[in-house]
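Input: structures, listed below.
In the two complexes below, subunit A is the common chain; its partner is subunit B in one and subunit C in the other.
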Partner chain A sequence: MVFSSVVFLYIFLPIMLLIYFLVPKRFKNLVMIISSFIFFAWGEIRYIPIMLILAVMDFWCGNKINKFWEDKKKKRFYLWLDVGVNLLILFFFKYADFIISSINGITGLNIPLLHIPLPIGVSFNTFQSLSYIIDVYRGTVKCEKSFYNYLTYTTLFPQIIAGPIVRYETVDEELVDKKISLDNFSLGMKRFIVGLGKKVLIANNVGALWNVIETGAFGEMTVLLSWVGIISFALQIYFDFSGYSDMAIGLAKIFGMNFDENFNYPYISKSITEFWRRWHITLGSWFRDYIYIPLGGNRKGLPKQIRNILIVWALTRSMAWSIMEFCALGTIFWCYFNNREIVFTESIR
Partner chain B sequence: MPKIVGHIYTLFLVLISWVIFAFEDLGQIGTYLSTMFGLNSANLANAEAIYYLKNYIIIIIIGIIGSIPLKNIIKKWAKNNENKTNKSKNKNVVNMKKRDIVISVCASICFIAVLLLSTASLVNNSFNPFLYFRF
Partner chain C sequence: MKNKIFFAIFMTIWILIIILNFIWPKQVFSEEENRMLATIPRFSFASFVSGEYLNGVNDYINDHFAFRDIYLKLNSWWEVKVMGKKENNDVYIGDEGYLFEKFEYGEEEKQNIEENVASISQFAQVMQEQKIPTYFVLVPNSIYVNRDKLPKNVEVPSQKEIIRTVYQNTENTKNIEVTSALEQENRQKPVYFKTDHHMNSDGAYVVYNTFCTTANLQAVPIQDFTKVTVSNEFLGTFDSKAQLINQVPDELFVYENETNTNIEEAIYDRETTDSIFNAEYLEGKDKYSYFLNGNNSRAIIKTKVNNGRKLLVIKDSYAHIMAQFLCENYEEVHFLDPRYTNFNYAEYVQENGITDVLFLYNVSNFLTDTNVTKIMK
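Moving on to the complex of A and B:
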């Protein structure tokens, strides 16, 4: 199901909200879990079992890490077990066919391709799981003791399609105690409508123009039209992406939860690094905190810094030859300059 | 570096990057970029280009305005104005209340209008692509 559809706006959401606000507090998470499953199952039901297995896995490993807090070896084992399983599933969906066709190419065999379409949201789900388990391992968050709450976190449907990436530490308190109020409801509704308008009224319209220009479905291409085209594409991408984030943030607000902001007027930036601090903020900071800095960032000399930049680049590149690809380039710039600032402030201290 | 140069240079690079990102085929990227900079035989403009520009200029302008933090700029401006006219205080409080009511009513009307327009567009089955299949 997508937000910008009549089914979601006028059937799914009103019914879900009605039940959500009527049930007693302890059942609110249950309503969220069930509605998330309906939301996902609308398009394809096959990802739900995997989601459940991953949730059990994260939850179990998180608690094991907590149990063996003093035992460094065991602690690390459970961290890598969970990270490994998560990545394995992600890579399976993304690369199974790529690997098979490479093997066919090299060996001359003829193994049939699997043709598995990527389940919607698998990347964002992985990002969330990894942030949880790594934060538990680092001791920056307490491990979740209730599977019920963890499942709510990992299946949260508003942001799973296009972000923002919600870290466990952002919502851990709100999983238990939601800030439901008339104020939050109206703020959330407004935010959701802003996002909907951005997507349907602006992105879709300029997108239609770009669609015509891109496919060359008209006569002769001219200089003027090429500029009009790329400007409309830039507007489409921004309003579609940030519109989706607005809708997610708005929905969360209605449910009584607060997500991080994801876009901050990127097109007014005065430099490329500033652009990446304003564009898909949660993805950039995810790569910074969970990949670039753990690898040593830029504090271990230039050769290692170049290696780290390349790793981030390769990873994001392989995540999807898509919007992520573009984010990767930005992340590199961003990490590079941001980390320089970090080193700078640390040396002052 | 003056601010404006920074803005232009950033937007320029971002637009070029969007071209690279939009096409998967290297040849197409090359053709598109050389058209943009007049490096091939493409004309500057023709009747068709003007037609599309005329049809879409309003939505493009709305998009560009929506890409700048207009809300913050207006708030700043309003605050400055308030400081200037802060001499007659009692009168001001009444005016402010009135103004706030007017603003909130207008805002509510706008939100409802956006919701209705979006719904109309969705019911009409107009172009509504989903960009996130590859995530």
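Moving on to the complex of A and C:
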């Protein structure tokens, strides 16, 4: 189900909100969990059990880490166990067929491909799980004692399509105490409408323009037409992603939760460095905080720094394919800038 | 305060639309779009897991949205008039008011052709053994014959080539090439409707004329008919699909003479009349059903021609408009549509004393229709 669909706007959302506002406080998370499951079921129902298993895994490992706080070895074991399982599932969905076809290609075997569709949310779910378990390990957040609340966090549906990535520390209080008010409802709804407009009125239409230009002959293209193409494409991916983020932030606000901002006028950036900080902010900071800096960032000498940059480059590249599967071309553009950006930033410093 | 006002206005509009959707009359058939609308899917565990059920719910809600027709028109107005697109909902908007449906010729179609050709060859062999000639006519579509009127940069595969290949591979039939004749006539006057996927009566005459030459029949000259316009308000299937506003309607006309207006009887699925035309359909949207009473599994026309010849036409709807000419030369003309029948056609031929068989299909349908194979079962 997408936010711009009739089913979502006129059936799913009104029913869900009605129930959500009517039930007593302690049941609100339950309404969110159930509606998230219905939301995912519309895309790929088979992913739900996996999601549940992952949630149990994260929750259990988080508590184990808390229990063995003094025992460094055990603590580390549970961290890697959870990270490993999460990554394994992500890579299974993303690369199983790729690996099978490679094996077939090399050995001449004929193992049938699995043709598993990539369920929506699998990447973002992984990002959220990893940020939780790593933060618990580092001690920056307390581990969640209630599985009910943790499940609410890990299944939150508004941001699952395109972000923003919600870290546990952003919402841990609101999982228990939601700030529901008429003001928040109105602000959230306005934000949602703005996002919907960005997506449907702007992104889809400039996207159609880009499609027309893109399918034409590149050789015969005039300079002006090329520029119109580039501009329409740039506008399409911006309004698409930021529209989705606005809708997610708006929905969260209606539910009484606050998500982080994800875009901050990226196209006014004066440098590629600045662009990196203004474009899909939560994704960039996720990679910075959980991959680049832990690996040593730029503080362990140039060879390691280049290695770190390359790792992030490879990861953003491969991850991005799944996050932005609905805009594959956008990804290339986006990765190109991300990659350039990191290399660039680091080399001018 | 501002938030309160927003809340009040927003909620009013939102709830109003939700209620309207809920109470909106649920149509079964859309006259405008000429198609059955989605029904509430039946729930089963299997269909739920496969996603079929929820997709069905999606379709149902989309098909019964309040003011749906107005939205469709608005959308096409935006796409075509404002954005200047030359296509809406897979229909190209060509020059001179012509609309065309996209024509695709890929692997799936090639596969289907093979199966259809095999069935026809097999059937024709059975006919040959009984000394009954089998004629085969593949009629090209408007998008090919009128390809000079397509929007810029839209290419259409050569249907002439496709027809030639099909003819080469079909055995035991007498194949009739009508494309060149249609193209030639089309330079003088339109042989297709502009808003519908069928040929008009001028096109039908060309096909009839060419058919007569091969079948050794005396074609009735066009001057011996009176051209009668039965409607000037015909907006066909392409128009329904594209949902355009201000589309100029087509003229619906027939060629009448003593023989085709004065037949013995016409037996259709649900009724028996004394005409190959049905004026009731001129009132509704689906005016092409004026010819041969629309889609019937079987239509038998008994004429006052006394020559003992009985023609079986195995066909799609392109043959309906041919009825007015075919009944000039046969005592009986039987039309069978494999899409709606489920019996062995060879037996039918024997039981009804058929003397000639004609396969008549349009290319686009022949490529996709999977029912042709049923005739040998």
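Here is the rule we go by: the second predicted complex is superposed on the first by the 315 of 349 C-alpha atoms of A that agree within 3 Å, B and C clash if a C-alpha of one lies under 4 Å from a C-alpha of the other, contacts with A are read in each partner's own complex, and residues count from 1 in each chain.
To be clear about the criterion, a residue touches a chain if its C-beta (ideal position, glycine included) is under 8 Å from a C-beta of that chain, and two chains touch if they have at least 3 such contacts.
Computed from a predicted structure; not experimentally measured.
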item	value
Clash or fit (per the criteria above) of subunit B with subunit C on subunit A	fit
Which superposed partner A:Ala208 touches (first subunit B, second subunit C, both, neither)	both
Subunit B versus subunit C as contact partner of A:Leu81, first or second or both or neither	neither
Touched partner set for A:Leu30, first subunit B, second subunit C, both or neither	neither
First (subunit B), second (subunit C), both or neither touched by A:Ala96	neither
Which superposed partner A:Leu225 touches (first subunit B, second subunit C, both, neither)	first
Partner chain in contact with A:Ile48 - subunit B first, subunit C second, else both or neither	neither
Partner chain in contact with A:Asp183 - subunit B first, subunit C second, else both or neither	second
Spatial angle subunit C-subunit A-subunit B, Cα centroids [nearest 10 degrees]	70
First, second, both or neither for A:Ser5, with subunit B first and subunit C second	both
Winner by number of subunit A residues touched, once subunit B and subunit C are compared	B
Subunit B versus subunit C as contact partner of A:Gly121, first or second or both or neither	first
Lowest C-alpha to C-alpha distance for subunit C against subunit B (Å)	5
Residues of subunit A at both interfaces, subunit B in one complex, subunit C in the other	5-6, 10, 189-190, 205, 208
Contact set on subunit A toward subunit B in their complex	2, 4-6, 9-10, 117-118, 120-124, 161-162, 189-190, 193-194, 196-198, 200-202, 204-209, 211-214, 218-228, 230-235, 237-241, 244, 265, 267-272, 274-275, 320-326, 329
Subunit A contact footprint on subunit B (complex, rising order)	3, 6-7, 9-11, 13-15, 17-19, 21-24, 32, 35-38, 42-46, 48-50, 52-53, 55-56, 59-60, 62-64, 66-69, 107, 111, 114-115, 117-119, 121-123, 126-135
Contact set on subunit C toward subunit A in their complex	3-4, 6-7, 10, 14-15, 17-18, 21, 48-49, 51, 54, 57-58, 61-62, 65, 83, 153
Of subunit A, residues touching subunit C in the complex	5-7, 10-11, 14, 41-46, 182-183, 185-187, 189-190, 205, 208, 216
